[in-house]
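Read through the structures below before going on.
Both complexes shown next keep chain A, but they swap its partner, so chain B is in the first and chain C is in the second.
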Partner chain A sequence: MTERKIINKASLDELFNKLKSGGKRIIAPRDKKGKIIFEEISSLKDIASDYIQTTLSPKQTVFPRYEEILSYQFENRNIKIDKETKKPVPTVLFGVRPCDARSLSTLNAVFTWDYIDTSFTSKLENTTVISISCSKSDEYCFCTSVGGSPGDTAGSDILLTHLDNDNFLAEIITEKGKAILLSAPELFSDKDKSASGGKDAPAVEKEKYLAHVKPYFDVKELTNKLTKLFNSDIWEEQSLRCLGCGTCAFVCPACTCFDIQDETNGNYGERFMCWDSCAFALFTLHTSGHNPRETQAPRWRQRLIHKFLYQPERLSVYGCVGCGRCSRACPADMNLLEHLVEIMEAQ
Partner chain B sequence: MSNGNIYYPYLMRIENIIDEAPEIKTFRLTFIKENEGKNFAFKAGQFGEYSVFGEGECTFCIASSPTRTGYIECTFRRVGRITGALAEKEAGDIVGFRGPYGNTFPIDNWNGKNLIFIAGGIALPPLRCVIWNTLDLRDNFKDITIVYGAKTVAELVYKYELEEWKNRGDVKVLTTVDPGGETPAWKGEVGFVPTIVDKVAPPSANTIAIVCGPPIMIKLTLPILTKLGFTPENIFTTLENRMKCGFGKCGRCNVGEYFVCKDGPVFTFAQINTLPPEY
Partner chain C sequence: MNLQDLKTKAQKLLESNTVNVIIGYGQGSGGEVRPVFIRKPADIDKLVLNDKCVQNLAVYLTKHEIKKLGKPGIVAPLPVTRAIYQLMLEKQIADGEIVVLGIKNNGIITELTDNKSIRSFISDVPSELTSEEKARLSEIKSLSQQDKWRYWDEELSACIKCYACKSSCPLCYCSRCTIECNQPQWISVPSHLLGNMEWHIMRAMHLAGRCVNCGECARACPMGIPLNLLTQRLSEVIEKTFGTSESAEAFYPLSTFNVNDKEDFIR
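Coming up: the complex of A and B.
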């Protein structure tokens, strides 16, 4: 059962100090020369303000863009595989948008169906997500078309909603969120005493403080539509501009495809996984030279059908949360929302 | 031992190397840790990720039969960086193996049936596992026919076993090479695999066909099998797609709703006919 509290900025800063002295690292959005990137912060003042969406998603907290999966030593003709496993750092992921919090369930579905990637699950288990709902949106946002909303609580342990300059509504959603509340109950109050008249936490009309994101399509209809469009010309038309650079996958909070490679340094070697993209020709290229997806059109089709048809059918999650990053970051200005709307209208 | 790490490979020693054909080798691998070998089990059709430490992993079917325990075998062609590095390895060297992954040929459902194995070139290794598996349970099946072709005599793999199978007396084995690929001493057929299949296939009514080969061979063999009355449900193949993880996470072997690594690699043509052409 969600509990509602009020927390002000000073208390939030104090909460950070408390969490840090308790051994947690805090990852939050920082302004790096205009790019908003998730990084470890030491106090509230390090956090970027005034942004609609972070440039990169927070997924690397649980699914790093490069991660060792095995290390080994060469000893003459023998191989010794290192035994120790890295312990995940207890982490508070602060300031993520509700769409990004929602994307964690997509990552979790991929990394835990059938074979369980314990490296991922241990990181996720050790991460507490404190999200901030959206008071602003832009023309790239479409969370409400894919099941989310600017104040959606899915995937968050605590969801903050900015009420005025100083105060946040804090919705305590999960047991992990509750643990944070119980670690410093004095920092949360039931009533905001600073503002004139004061706000009673349970009575706050949260919707008043949220951005309005227009719904553009029904995602179930889109899934249904995609079952019939495999051979459509639309993929060729839409992907003509695609450079195959993979930026969309890099910024996507829900893209999970990865590569596995080895690297060595003297007698030491490691095997690592790193982000990959279905936009790359090499992604599917066979050793024989045959490539099942030879041009950009089938790669673009795979990207969309995988996210909006295969994943919901197989894992009951969508591979898209409507964050709009791929459209904002695309160097060729391909706009996912526009393309999805076009697909909905296609015959 | 593996601490739950799903990427942790078995360490395997290369016990024996056979040069099958130009650039094609067979490795016999044994488990360095005896208990791992004892606990290891797989079924015909499954594959694994073979690793050269320092270079990376590559994907092949297990070419030996689950009825032969204590080792696994793989047969591969030296093509890319990793198979190149693998081909440089010598007996006694150590490689990694993760697996077994993927689904299996439903051999248990084939009791009392005729089997025809149809393979071309480097596609015999994935079928060799099934061939040995069924030969080791020979009494369970009726007629067994093997049609195997390559471009040239030199490119036929498992030449010693083809002889062994021919000499058993309980298997019909036809080997063929493309016209112009024969040598003066060649005693097998000359011609393409589909033509031979047309001539020697057992009646389709009670027969399972297991086909693996280059796309052109499959394309030309299917109409022959259809003409002979085989239904797509009774024609099996094993697909390949580029893979990294082997268990449905890395994303690249996705074809339509299937992951080749999880839902395959073994498919019937009834399934293949529903797939988009992305394999």
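Coming up: the complex of A and C.
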């Protein structure tokens, strides 16, 4: 059962100090020359404000853009493998959007599907997610079409909703969230104390403070539709302007494709796990030289069918949370929402 | 700008079957424009022409998905026309293979059907950096070597290796880029600083003296890295060392053999 509290900005800053002195790092959105990036912060004032969505998603906290997974040393005829498991830093992921919090379950479903990727799961276990509901949205947002909403609690340990200048409603959702509350109960209150006739946390009408994101389609219908469109011309038409870069996949909070690379120097080498993309020409290229997805159209089809048909079928999650990052970042304006709506209308 | 004139010219090209597709700008999301590929004269109203039409559409001329559509006509502001001419110099587009609807800054649209007319169209207007670009370049040039290194170290650390720079560049048309040659792997795949440096230095070197300075790489970069500064600086060096391409027909310095070359080793 979700517990409801009120926390103000000063107490939040105080909470950050407590968390830090307890050995946790706080990762939050920071403004870096106009791009909003998740990075370690030291206080509330470091956090970017006034943006719809961050440039990169917070997935890098649990699934870094590149990561050394082992190193090896050739010693005469033997190979010594060093797979030192790095202990993940206890982390508070602060200020993520509800869509991003939701995406963590997609990442988790992939990385624990047929093999438990402990490098991922240990990071996730050591991460507490404090999200902030959306009070603003833009034309690229479509969380409500894929099962989310601007005030969705799924995936968050604590969800904050900005009530006024100073106060947040804090919904304590999970045991991890509860642990944060218990670590500093004096910073949370049941009532907004700053104003006379302040709000009672349990009675706050949260909906009033949320952005309105219109639903555009029924995602179950979309899944169903995709089962019939494999051979449609729509993929070629939609992907004509696609440039084949990896921007959409790299800014996506739910894309999980990665590449394994060995970098060897003499007798010593390191093995890396690096983000990869289905839009690249090397995607599914066979050793023989044959590629079943030789042009951009089948790669684009794979991207969408994977997210909206294969993943729900096999993993019971969608590969998309409707954050709209891919559409905002695409250099050729491949607007995902527009393409999905077009697919819904396709014959 | 003269949208009606553009539509009339483009429509005629389609109706007379002079071209099979018009590559142009259409309404995009967020009040921006996006590339459109118009194949039917009836769709001509999808064309848009305003100061947001900056994406370098020449990138599509060498894509096989677009080549499949047939002979193209292309809406081409000056930087796009310059890229097309460079593609012609590099034998990527044959003379007469495309129709260019060249647009000068005064909005006048000229139909260009051959290499020669494209050349004279762009040679009227010298390619110059904007004052903002000039300022940024001279700012970096004035830094000490160590500070320059620090500057690029910081900028390139942000690179996520999505290759939007390469994919959006009309002159990065190699069917297999160095990064896609993986036996052996020439360029490090992980986006660590060394790998990012390897990639961007290699790319800048491959574009040395060929870059038409359209700025598309920097615009496409989701991380906002000013990559165009690298190739702009190289263009300056090439021009200073080997002369400009304005002086001769079909000349681009790094692939030209000249018996009077000032370097001994090449003769």
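Details
Throughout what follows, the second predicted complex is superposed on the first by the 340 of 347 C-alpha atoms of A that agree within 3 Å, B and C clash if a C-alpha of one lies under 4 Å from a C-alpha of the other, contacts with A are read in each partner's own complex, and residues count from 1 in each chain.
By our rule, contacts are C-beta pairs under 8 Å (C-beta built on N, C-alpha and C of every residue); 3 or more make two chains touch, one makes a residue touch a chain.
Nothing here was measured: the structure is a model prediction, and the numbers come from that model.
When the shared chain is aligned, no partner comes close enough to touch A:10: not chain B, not chain C.
In the superposed pair of complexes, A:182 makes contact with neither chain B nor chain C.
In the superposition on chain A, A:293 makes contact with chain B only, not with chain C. Applying the stated contact rule after C-alpha superposition, one finds that A:258 touches chain B and leaves chain C untouched.
Using the contact criterion defined above for the overlaid structures, shared-chain residue A:306 touches chain B, although it does not reach chain C.
In the superposition on chain A, contact of A:66 is made with chain C only, not with chain B. Judged by the document's definition of touching, chain A residues 259, 261 lie at the interface with chain B and also at the interface with chain C. Partner chain B is touched in their complex by these residues of chain A: 69-70, 72, 74, 77-79, 81, 83, 85, 110-111, 113-119, 230, 256-262, 264, 269, 271, 273, 276, 278, 283-288, 290, 292-293, 298, 302, 306, 310, 313-314. Residues 32-35, 37, 55-56, 65-66, 138-140, 236, 239-241, 243-247, 249-251, 259, 261, 263, 272, 274-275, 277, 280-282, 295-297, 327-329, 331-333, 335, 338 of chain A are the ones touching chain C in the complex.
Contacts from chain C toward chain A in the complex involve residues 28-30, 32-37, 55, 59-60, 64-66, 158, 160-164, 166-168, 176, 180, 182, 185, 188-192, 195, 216, 219-220, 222-224.
Those residues of chain B that touch chain A in the shared complex are 3-9, 11, 51-58, 79-80, 83, 92-94, 96, 215, 240-242, 244-245, 247-252, 254-257, 262, 276-279.
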